[in-house]
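Mind looking over this structure? Questions follow.
Chains: A, B and C, in written order; residue numbering restarts at 1 for each.
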Amino acid sequence: MQPIIEAHELRKRFRVARARRGLLDTVRGLFSNEGRDVIAVDGVSFAIDEGSIVGYLGPNGAGKSTTIKMLTGILHPTSGEVRVAGLSPQRRRKDVARKIGVVFGQRTQLWWDLPVRDSLELLAAMYHVSRTELQSAIRAFDETLEIGAFLDVPVRKLSLGQRMRADLAAALLHRPPVVFLDEPTIGLDVVAKANIRRFLREINRTRGVTILLTTHDMDDIQHLCSRVLVINHGRLVFDGDLDRLRASAGAPTVITVEYAAPPVQPLTGPWTLVKLDGPTATVAFDRTACTAGDVINRLGQFGELRDIHMSEPEIESVIERIYTGAGAPGATTGLPVPGPTD
Amino acid sequence: MAALRLYAQLVSASLRAQMQYKIDFIVSTFLDAIFQAVDFVLLAAIMLRFPEIAGWTLYEIGLLYGMSWIAMSLYRTFAPELHNFDRYIVQGNFDSLLIRPWPTLMVLLSRNLELRKIGGALQGALVFWFSASHLLRSGRLEWGEVAILIGLSVTGTLIPFALSLATAACSFWIVRSGDLQTFTMYAPITASQYPLSVFPGWLRALLSSVLPVAFINYVPVQYLLEKGGSAWSLVSPPVVSALCLIAAYSLWRLGERRYHSTGT
Amino acid sequence: MRVFFLLAQKAFRRNLQYRASHVVTNIASAIFGFIYIAIWQAAAAGTGTADYSATVLPRYIAFNQAMLWITIFRQHGLGIPEAVATGAVSLEMMRPVDYHAMVVVRELGNVWYSFWFRTVPLAAVFALAVGMHVPQRPSTYALLPVAVGLAAYVGLCLHYVAGLSAFWTIQSRWSNQLLQAAHFGLSGFMVPVDLLPGALAPLAAALPFAALQYYPTRIYLELSGAEALVWPFVWSILLTLLCRAMTYAARRKLEVQGG
């Protein structure tokens, strides 16, 4: 089946003008072509199948928003191909627009002074959503997002959480198969975040909506994403699922075991001993080097095991390691083009 | 047509929103009205002492005033977002226009209406009527000619609209196009309230070509009052309006292409 | 005392930073001036009245246009409504310096800048276009600075009153709009006050707005003498009293309601 989002060797180069000081210099600047080239996106390729939820990560300035803008038709790539729902956002912007929903976390898409309901009605008119469809959509959104409570409140009076819910409803009103979310949970409290995530999982499960979300919130990743793309310095440095993410980052998995009695020393094996406190031992090991099973078996040779507790490395630290390039050698697995982890 | 449905919805929604703040709406409309009224009253005061300006009487100038105000007010009513467009570029909100399945200009115009400005059009109509009825009675004008002028007032709205569109398009290059507006809109429109013959030749040429506000009112009125012009003077205004609109829209599309490429 | 000088100086310097963009607004102001001059030149051609001939009327308009920058073109409400909206005003009122004096002095810095960087250049440009009236009477040279100074001061007071009204009204925009409308119609900016019809002429002559444009221009054109300073003086005093009273009331409101 054809992937619903395809990017091939996407490149985006900007020409940044020299900073101008003073009126005369500014006028001169209008006529000169000085500046330097900034390559925001440098040969990014990926394919996303319909019905997946994919996280798109990267430090600020890495090329995240530039990529998203090229996928949504806002920017035109300098070179490379992109297809969303089989269409080119560059050549068929308006057609692609019908098939996508976009939520910018920081800015609302709604009419500022009008009640939410009016915004939805206006969008319905824009997207050729019939009145009956609109009514049933509002009912559905009330069930899942509870927007009924503030349908008649002007958008500027909404709290951040309410506004985000309204924006999501607005983005999904025309039932697009693809949704782009830019930092959808930023600034929200814990409960609100959980509700948004629950909603996103729900529409993905029941309607197969493909979701591409950029975020800095690791919990978003953990709770939503089956796959993660990491971009840094304009290049894709990782493309795979969460497990591979942890493994490739070379972040150690940690096991804490409790023996019946203090174990025989020394505790040597394919691990680093983190702590030994009476009968409790904590070791850290590299999952790519040996399996958890091996480690537990080896540990069992030093005494009778009573209890085992395993914890995965924090996604936070995993991502950080990828950003800073501190990964295991050959960490860039699953990519069509090997990229440097600089 | 879908665009009409969108607009009808926008008008009713805007009306409802404005009515929530009845007091503000009324006071603001009232103050706007005062300002406009003072403008014309001052003219009347001056013309009590100086009965003619370049051979034009108060009632004749009143026609110019009325038509200019109608055109400008209608434009301000329907295109406030265009008037303040550089805000979109400064705040990075142009993106939100690009993700809709419509031409960006349509999306922009559908964001807001400034219904209180319609008062300006009504006042313009009042001044126009005050002047026209006097000229009708004195035989300077006929009913058919007045009807033509009314029609041209409405098509004349396209000229400030086109000027605004071109100015807004400049923000794709220079960001703060609002500073340009004094030169491309406020000054020319003010000048268009008076007979163009008072201005030096170069300014007359400018206001008949690059900033063609002369075609909102002066060109047709001049002809119908037998002060100059030819039969073309009745045909050229809508033609010039259309040409301006096409030129301005082309500039807008050019700017849009630039935005796709540079992102700012 | 030194504080006040520093406040004014700081305001002046801040304006200096933006002088490049001010060039643009000056050009725009000049264009409007030329538009009005052309109109009234045509109006007065041949049928000029005793005082306002076809030569004098354009100079009247020109002088007024240049003066606008020190009388009516001030920041909306002198920045007070904004301070009220953000709550910063309570901080400002708490300072050990007299609030009214502080605001006025700060604005004087702006006025001083506007005078040298806007009024003077504009006047020079207009002088090239319509010629400059060179006052013949020596008394004019003494009266004119006083008149211009009073015009600036009265303008400041009016804006202060409009701005301070933000303490009591919902929409401070209205008071500013009213002020602009009153100035537009009654200050003699577009039409000399004595040319206004009927009872409007003596009424406008007695209002503070005339002090902003009409009286200084009359003195400059030597159409009036020291008698044109009477109303400006009266209004300076009355408005100062009003400002002080309102400041006191505003402070009380702040103390009672807490902002």
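The criterion applied here is as follows: a contact is a pair of C-beta atoms (placed from the backbone, for glycine too) under 8 Å apart; a residue touches a chain by one contact, two chains touch by 3 or more.
No experiment lies behind these values; they were computed from the predicted model shown.
Participant: What's the farthest chain from subunit C if centres are computed as the mean of the Cα atoms?
Facilitator: The most remote chain is A.
Participant: Nearest chain to the global Cα centroid?
Facilitator: Central chain: B.
Participant: Roughly how many whole angstrom separate the Cα centroids of subunit B and subunit C?
Facilitator: So the centre of subunit B lies 30 Å away from the centre of subunit C.
Participant: Go ahead and note the Å separation of the Cα centroids belonging to subunit A and subunit C.
Facilitator: 57
Participant: Let me have the rounded angstrom distance from the C-alpha centre of subunit A over to the C-alpha centre of subunit B, please.
Facilitator: Spacing between the chain centres: roughly 47 Å.
Participant: In subunit A, which residues are in touch with two or more of the other chains?
Facilitator: Touching at least two other chains: none.
Participant: Please list all residues of subunit B that touch 2 or more other chains.
Facilitator: Residue numbers touching two or more other chains: none in subunit B.
Participant: Touching at least two other chains at once: which residues of subunit C meet that condition?
Facilitator: Only 21 qualify.
Participant: Mind listing the subunit B positions that touch subunit A in their complex?
Facilitator: My answer: residues 2, 5-6, 9-10, 13-14, 16-17, 92-93, 95-96, 98-103, 107, 110-112, 260-263.
Participant: Which bits of subunit C are touching subunit B when the two form their complex?
Facilitator: 21, 24-25, 27-28, 31-32, 34-35, 38-45, 47-49, 170-171, 173-174, 177-178, 180-181, 184-185, 190-191, 195-197, 200
Participant: Applying the document's contact rule, which stretches of subunit B touch subunit C when the two form their complex?
Facilitator: 23-24, 27-28, 31, 34-35, 38-39, 41-42, 44-54, 179, 182-183, 186-187, 190-191, 194-195, 197-200, 203
Participant: Taking the complex as given, what residues does subunit A use to touch subunit B?
Facilitator: Contacts found on subunit A: 14-15, 66, 69, 72-76, 90, 93-95, 97-98, 100, 102, 104, 107, 109, 111, 113-115, 118, 121-122, 125-128, 154.
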